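Just so it is clear, A, B, C, D, E and F label the chains in written order, and each chain counts residues from 1 on its own.
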Amino acid sequence: MAERRKTDTKAMTQPRYTGIPTFMRVPLAGEDWSGIDIGLIGVPYDGGVTNRAGARHGPREIRNQSSFMRTIHHVTRVNPYDLVSVADLGDVLFTKLLQHPGALDEIETVFAKIKGHGITPLTAGGDHTISLPILRALAKDRPVGMIHIDAHTDTWQMFQGSKFSHGSPFRNATEEGLLDPKRVIQIGIRGAQTTADGWDFSQKSGMRVVFMEEFAEIGVDAVIQEARRVVGDGPVYLSFDVDGLDPIYTPGTGTPEIGGITTLEAQKLLRGLRNLDYVGADVVEVAPPFDPTGNTALVAATLMYEILCLLAERIDSRR
Amino acid sequence: MAERRKTDTKAMTQPRYTGIPTFMRVPLAGEDWSGIDIGLIGVPYDGGVTNRAGARHGPREIRNQSSFMRTIHHVTRVNPYDLVSVADLGDVLFTKLLQHPGALDEIETVFAKIKGHGITPLTAGGDHTISLPILRALAKDRPVGMIHIDAHTDTWQMFQGSKFSHGSPFRNATEEGLLDPKRVIQIGIRGAQTTADGWDFSQKSGMRVVFMEEFAEIGVDAVIQEARRVVGDGPVYLSFDVDGLDPIYTPGTGTPEIGGITTLEAQKLLRGLRNLDYVGADVVEVAPPFDPTGNTALVAATLMYEILCLLAERIDSRR
Amino acid sequence: MAERRKTDTKAMTQPRYTGIPTFMRVPLAGEDWSGIDIGLIGVPYDGGVTNRAGARHGPREIRNQSSFMRTIHHVTRVNPYDLVSVADLGDVLFTKLLQHPGALDEIETVFAKIKGHGITPLTAGGDHTISLPILRALAKDRPVGMIHIDAHTDTWQMFQGSKFSHGSPFRNATEEGLLDPKRVIQIGIRGAQTTADGWDFSQKSGMRVVFMEEFAEIGVDAVIQEARRVVGDGPVYLSFDVDGLDPIYTPGTGTPEIGGITTLEAQKLLRGLRNLDYVGADVVEVAPPFDPTGNTALVAATLMYEILCLLAERIDSRR
Amino acid sequence: MAERRKTDTKAMTQPRYTGIPTFMRVPLAGEDWSGIDIGLIGVPYDGGVTNRAGARHGPREIRNQSSFMRTIHHVTRVNPYDLVSVADLGDVLFTKLLQHPGALDEIETVFAKIKGHGITPLTAGGDHTISLPILRALAKDRPVGMIHIDAHTDTWQMFQGSKFSHGSPFRNATEEGLLDPKRVIQIGIRGAQTTADGWDFSQKSGMRVVFMEEFAEIGVDAVIQEARRVVGDGPVYLSFDVDGLDPIYTPGTGTPEIGGITTLEAQKLLRGLRNLDYVGADVVEVAPPFDPTGNTALVAATLMYEILCLLAERIDSRR
Amino acid sequence: MAERRKTDTKAMTQPRYTGIPTFMRVPLAGEDWSGIDIGLIGVPYDGGVTNRAGARHGPREIRNQSSFMRTIHHVTRVNPYDLVSVADLGDVLFTKLLQHPGALDEIETVFAKIKGHGITPLTAGGDHTISLPILRALAKDRPVGMIHIDAHTDTWQMFQGSKFSHGSPFRNATEEGLLDPKRVIQIGIRGAQTTADGWDFSQKSGMRVVFMEEFAEIGVDAVIQEARRVVGDGPVYLSFDVDGLDPIYTPGTGTPEIGGITTLEAQKLLRGLRNLDYVGADVVEVAPPFDPTGNTALVAATLMYEILCLLAERIDSRR
Amino acid sequence: MAERRKTDTKAMTQPRYTGIPTFMRVPLAGEDWSGIDIGLIGVPYDGGVTNRAGARHGPREIRNQSSFMRTIHHVTRVNPYDLVSVADLGDVLFTKLLQHPGALDEIETVFAKIKGHGITPLTAGGDHTISLPILRALAKDRPVGMIHIDAHTDTWQMFQGSKFSHGSPFRNATEEGLLDPKRVIQIGIRGAQTTADGWDFSQKSGMRVVFMEEFAEIGVDAVIQEARRVVGDGPVYLSFDVDGLDPIYTPGTGTPEIGGITTLEAQKLLRGLRNLDYVGADVVEVAPPFDPTGNTALVAATLMYEILCLLAERIDSRR
């Protein structure tokens, strides 16, 4: 059993409006990434959105609101910082931002490096396009399962002649062999569409699609059981698009759909997903320009904290 | 069986922020209204409000947000544009806006013309006062039933010495023989009042009043059954005041009341009301100046889409 | 049986945007406080906040939004103004605002005067620090019970070296013998903390802590029963921190925590707490600078109206 | 020489966010209006607007922001409260708000009463329609001159078939013999129009129209001289429409026109108009729903303070 | 001399909040573009921004605010709609939005078509990248001069490895022979830069760069003379980036720089540029997500109206 | 002549929305402060405000907006980062925030340390109270002169019984011998006051008070000459309260006063103050909760950049 590496939490005891806002106020990693268990990282990219841009500002504002976060989980009493070493890896830096989808390669490179260091990444987007290059890095060796909370299946074929938009990451990931669709569950899906193409792809490829109406009908506990059944014991990625929530919680997003999940349901759902074999996770589609109260970023930061607890427990249990 | 007239949906495939915002991006009707099954129309009038004005701006902002809407319903898989011909009839134009309640006559004239063309109107308000002249046109020949979602019964007697305000349309409509109160159900009613006059009128005249607390107690499914029982097979009008929803969904309204219906409940409710004999419908009281995120208008547009599906299915089933 | 003293409600029949905004548009008390049953009072003080200030502006904005309130409760049909004499006592005025915690003494002095007049106070904060001097005045003679709705137990020990912050009023009140912890229930508690100190104090001292997850699990009716059981027949104070609600209802607050109570639940909860022996109540932590739509203050005003009905009924029943 | 009646300014020394917001925190007048020199009054009416409503909320929000005001003018060192007795007369109350233009009669009645008490009114609108009934009361006996700051001449003929809108008060006032057009100056006029009717009426009737371009060309000092020349020694009314200012200062207004007057220019202008024979004044067209920062109301309150100094000095000098 | 073709202005007489918002409420062009003198067109594209996106929403919101515009200019008394035929050409539609800079070709194609119809385009952006494909269409045959109002010279070389961003259109246009740099004037330039590359290119290529400080020093009249001198009698394009104005006027833009031009100065400047040989014009960089009051779009719409008058007079004078 | 120490500006070339927001994106100083010429530092404290709080959030939001800043000044072509070593020293951390004015001692301690390292501090407030402890550290050895831009003289005696508020720092500093009032100039003063006490103190003690009206009258160039004359060659502190600017530029502040300085004037003023003997500087009173567009913080960041150039040039010239 390896020894635990803890996280310095001194900054978290200061008033929340003070100091430099790293994610959760964990230490900012320097050049040397050794000894880090979980890396919090921003991907300020929204070159794949089909409607309102703004998710490029997501990482910065999530960092800002994440100063509200603290250490000990009030339900599980887990303090993730006692279990593992968490660092803010900064943002993915780009050298060819205007060359979509080429910029996706730059994201992949960074996550390959993260994987190379044995770090589990917890990412703040950015639009949902970024999950594809992340999976290209993390699932390079074998397909992974996925728990995907979203209003949209993101398995559509084309947007404006491009295969690479925030409507298609998981179709591409499936077709590239990065996802095992039989081990994918999509939760909270809703909203009219111009074609049924994406819904059909998800269902025909074997993904379990929990439309919002089924979610409301069967309740969170049943959805948790279904999610655990679908993903099983294998490696799994968790992808949380904040538009899976109702836009009253997360108005700051590009393609809101009314009639969504509540934050209380989302928290319960996440807490029901302890001890899965996570290879990484992301919270995406936070677009601060459409978020006058900052609540969207606060919600995203809190979801990241909940997921951080999941990742930390898992890593700790494996030592 | 008459042949279907479909709707041109080409504009709906463009990015949502582009183009001239007609309702749902359906074609704008010109002078000739023949061949239109459902007319989407704006009534930019708020001369009857008792508190905050702003619903005059409702049609324009609902049109703006309605570009988020698409075609195929994710639950029913109905595409209303495949079933019927839908057009944007533009706004009611006024020549005597400052002569309340005379302006109401101008509204009535337009809806009489709509009825004359055999068009089923789906209206974006405007304040709730407008439902009276609409009913005067649509229910001229015989009283109709009504499904009415709202925080207020709108059956009050007088405001500032006037019978014609947004607090009284359905009292007037009942007294004028346009509504059959035995076939009226009012859903979501709540909030303190200065007199019990309106509540009493509704209940004494035979309307079924579902106060919010009963709504929460018995649940949406039971309310749907009750609504279907009350309105039966006869002609029915659907009137949705967005203040029936909780103000977290629709802050942009004139007289918000906390503790209201959720959008998910409202969507379920509407989907439970398929195949009634609709003569028309409205969504009213959207006041954009009080709606910093635009969510109120987005909700209203989505409700209009849901209702559009109801109207389209009904028309199609009757051919 | 004493004769009822009614409240002049004439101002409440005017349009809501007119006139000088006293709380609920009740008469503003002058120098003479005799004959007042319930005093609505503002405490514009936020010198004890640990994060975002702004609750100093709470009383003014709650007064502003309280013009939306009316007279007859739609569920109970109680009109509190027919039962008792309600007046706006104005704001606590300060002479040493910058001398925290000395300013708390000035609050205590005013509430001692209120108590001396036999007036039951219903207070609009201000941050939660103010409940301590209020209890020092009202519970001077014997400890009272408390129904406390909040995201936080507010029983923490120290903040920045000070015992007197909005995180500690009820620890101090317990230690000062003002609260009987066995007769205290805390409802809606949630959110990570840096230490478990406050949670532990509450539970060890005998308070009944209903974490949010239990609240969601057992439902409002069970919580009502539990609250009535805990506080029993003795004197009880009601303290409602608006951050007990989900921040979608009350974004305008200093330390929001996602995943909270809904307003519909809060209203039901309050309506389940009729006929307890109230010595006073407060609604605190409304910070208007963070409340772009004004909904936070509208919610607070409506909660004050609900509580006013509780207090009025109780006073009336005792005559 | 009559003795001075001073104003109680005790409330103005409290922190600005505290207390009940009367205008400038002067005492609220009761039933008895004797002994008042200057009456601050709200007219919460916007039934005559042609575009965006919201000025009905003007008086309340101007009162709110006016708590920022203090006593001693930093240029003139005048303290108006030492010179005269100032009171808040409350709002004009209506009994037939929806009966435009009948509601104008209710305004006239109140101002006739004000005049009857020998009080000089300083009014917060409301839309500009209200200046007509005010002039009907104040200029009943003989026509008065006027200094009018505005983007629009407000001398247009008809809107939607009505002579009584916020585009026409001064045409009606001229035609009714309330204004002496030769003693009227209109300052800051600009913006395209659909007809030249209003501009032509002003100029043909003899009003001095200072378009914005002339204002910028000749400068404030020259405009002051011109204004003093035009109005001369006779009785004069001052009417300040906040849309005369550039919308960066006053975005919260119904019909903004870019390229307007700065506040610094407006303050200098007003300070150049000391010792005219004022019969009253108004500041109108503040529409808080369009004013996210509150700056519009703050500007209006500050203009009212500047005008109050003018009125107070004049009254004092005549004793 | 050709006969004038007038514009139907009937819609402009309706209340400004009503109807479908085309630019200025001029008729929406159908398939047939013959007989149109001036085409108002939107280019909802912001794929070239280097910082905050949002200009994709510019055309829609400028259309919305342009309903405030009317017909007769208050200084020149020109009514452009009496002189020429103006139509709204809709938005450029894209089929490859995510393929920057390929999407620029789609813009060029539309403007080539516009030019082919002999229509003078007045464009609402979109980010400043769009001026390059517009010039490629309009200046294909010979280089044109340009009057360019902006905080930035937009003659920088590269951004993130791309020649085509909103920082480079006029460097590319010069290098492609579309602009004659000797006939280009850039007005309002300011703000620190990371390299001097763009400033140097402008000055070395012969452009006249009026930095903001010179603008303030010499005044608008002198700048007008300089602009007329520089562009002379040849064909000229007018490009107005709203960040040339101070961000208090136009906060809704991607790269604001404080210390800019006032709207009154901008209006005077434009009015000094009558009767130049305009080949087209644009107003760009309006980003509504950063514009809470809508003033940015109102300013842009008013600038478009001012420019429309310039274009209409020129076309009329040439008949 | 000492060798120059340059600043690493690599981060400034990244897109402005990326990365961790230190001030200007300069390197964050660690424990070791040696080798730093200029220290950018935040003082997140607003315990001395008399009206609206919020300046505690100033440093964080100024850091955020300061990512808009770049390197080469467009007027002077100075690149401060080529001249000196600039670092972000982080925020002053507090251990007794609620013990006003004791917390001021904690500020003083940090600035004493800064001075000890030979670092020139450029501070982001925080309310104006913080200038007192800063001066206590920097002017400990001998009184300094001061250039003070503000709407208020901040030389008032008492607020709520306390000598230490944001209305009094410079009275205390004068009385404590930290300021030489003969070498102090106060610029932009305006707004009514409840007593003339502060104005009188400033003038009687020998400070040069440039009221706003004089500023507008004589112009920036004359004010620059006057400022240089007053402060002379001795050590001087520069204190910029953003409420010296008109609230259209800086609405996010605690005590706005209309009719203020423009940013263009402020920039010209600062550029006229090169090569004075600066001991430090601050920009204070940025209150983000009242700043919906972020412009206040953007202005503050730009002013800090302008001042940074002044400080850097001075330091460089002395080597």
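Just so we're on the same page, a contact is a pair of C-beta atoms (placed from the backbone, for glycine too) under 8 Å apart; a residue touches a chain by one contact, two chains touch by 3 or more.
All figures in this text were calculated on a predicted structure; none of them were measured in a lab.
Q: Provide the labels of all chains in contact with chain A and in contact with chain C.
A: B, F
Q: By label order, what chains touch chain B and chain F together?
A: A chain counts here if it touches both chain B and chain F, which gives A, C, D, E.
Q: Between 0 and 180 degrees and rounded to the nearest 5, what angle rotates chain A's CA atoms onto those of chain B?
A: Fitting chain A to chain B on C-alpha positions yields an angle of 120 degrees.
Q: Among the chains, which is located farthest from chain C on the basis of C-alpha centroids?
A: Comparing chain centres, E lies farthest from chain C.
Q: Could you work out which pair in B-E, A-B or B-D copies the interface of A-C, where over half of the contact pairs coincide by residue number?
A: The pair repeating the interface of A-C is A-B.
Q: What's the call on chain D versus chain E, same or different interface residues, using the half cut on shared numbers?
A: different
Q: Could you work out how far the Cα centre of chain C sits from that of chain D, in whole Å?
A: 41
Q: Can you compute the centre-to-centre distance for chain A and chain D, using the mean CA position of each chain? Integer Å is fine.
A: Spacing between the chain centres: roughly 56 Å.
Q: Can you pull out the residues of chain D that are in contact with at least two other chains?
A: 15, 17, 52, 56-57, 94, 97, 160, 248, 290, 292
Q: How is the touch graph of the chains shaped: line, ring, star, complete or other?
A: Looks like something else, not a line, ring, star or complete graph.
Q: Under the stated touch criterion, can you name all the chain pairs that qualify?
A: A-B, A-C, A-E, A-F, B-C, B-D, B-E, C-D, C-F, D-E, D-F, E-F
Q: Which bits of chain D are touching chain B when the two form their complex?
A: Residues 46-48, 52-54, 56-57, 94-101, 159-162, 164-165, 289-290, 292 of chain D touch chain B in their complex.
Q: Using the touch definition from the top, list the residues of chain D that touch chain F in their complex.
A: 9, 12-13, 15-17, 68-75, 77, 248-249, 263-264, 267-268, 292-293, 295, 298-299, 302, 305
Q: What part of chain D is in contact with chain C in the complex they form?
A: Per the touch definition, chain D meets chain C at residues 14-15, 17-22, 28, 42, 44, 56-57, 59-60, 63-64, 88, 90-91, 93-94, 97, 292.
Q: Under the touch definition given earlier, write down the residues of chain C that touch chain A in their complex.
A: Counting only chain C, the residues touching chain A are 50-52, 160, 189-196, 199, 211-213, 216, 246-248, 251, 255-256, 258-260, 290-292.
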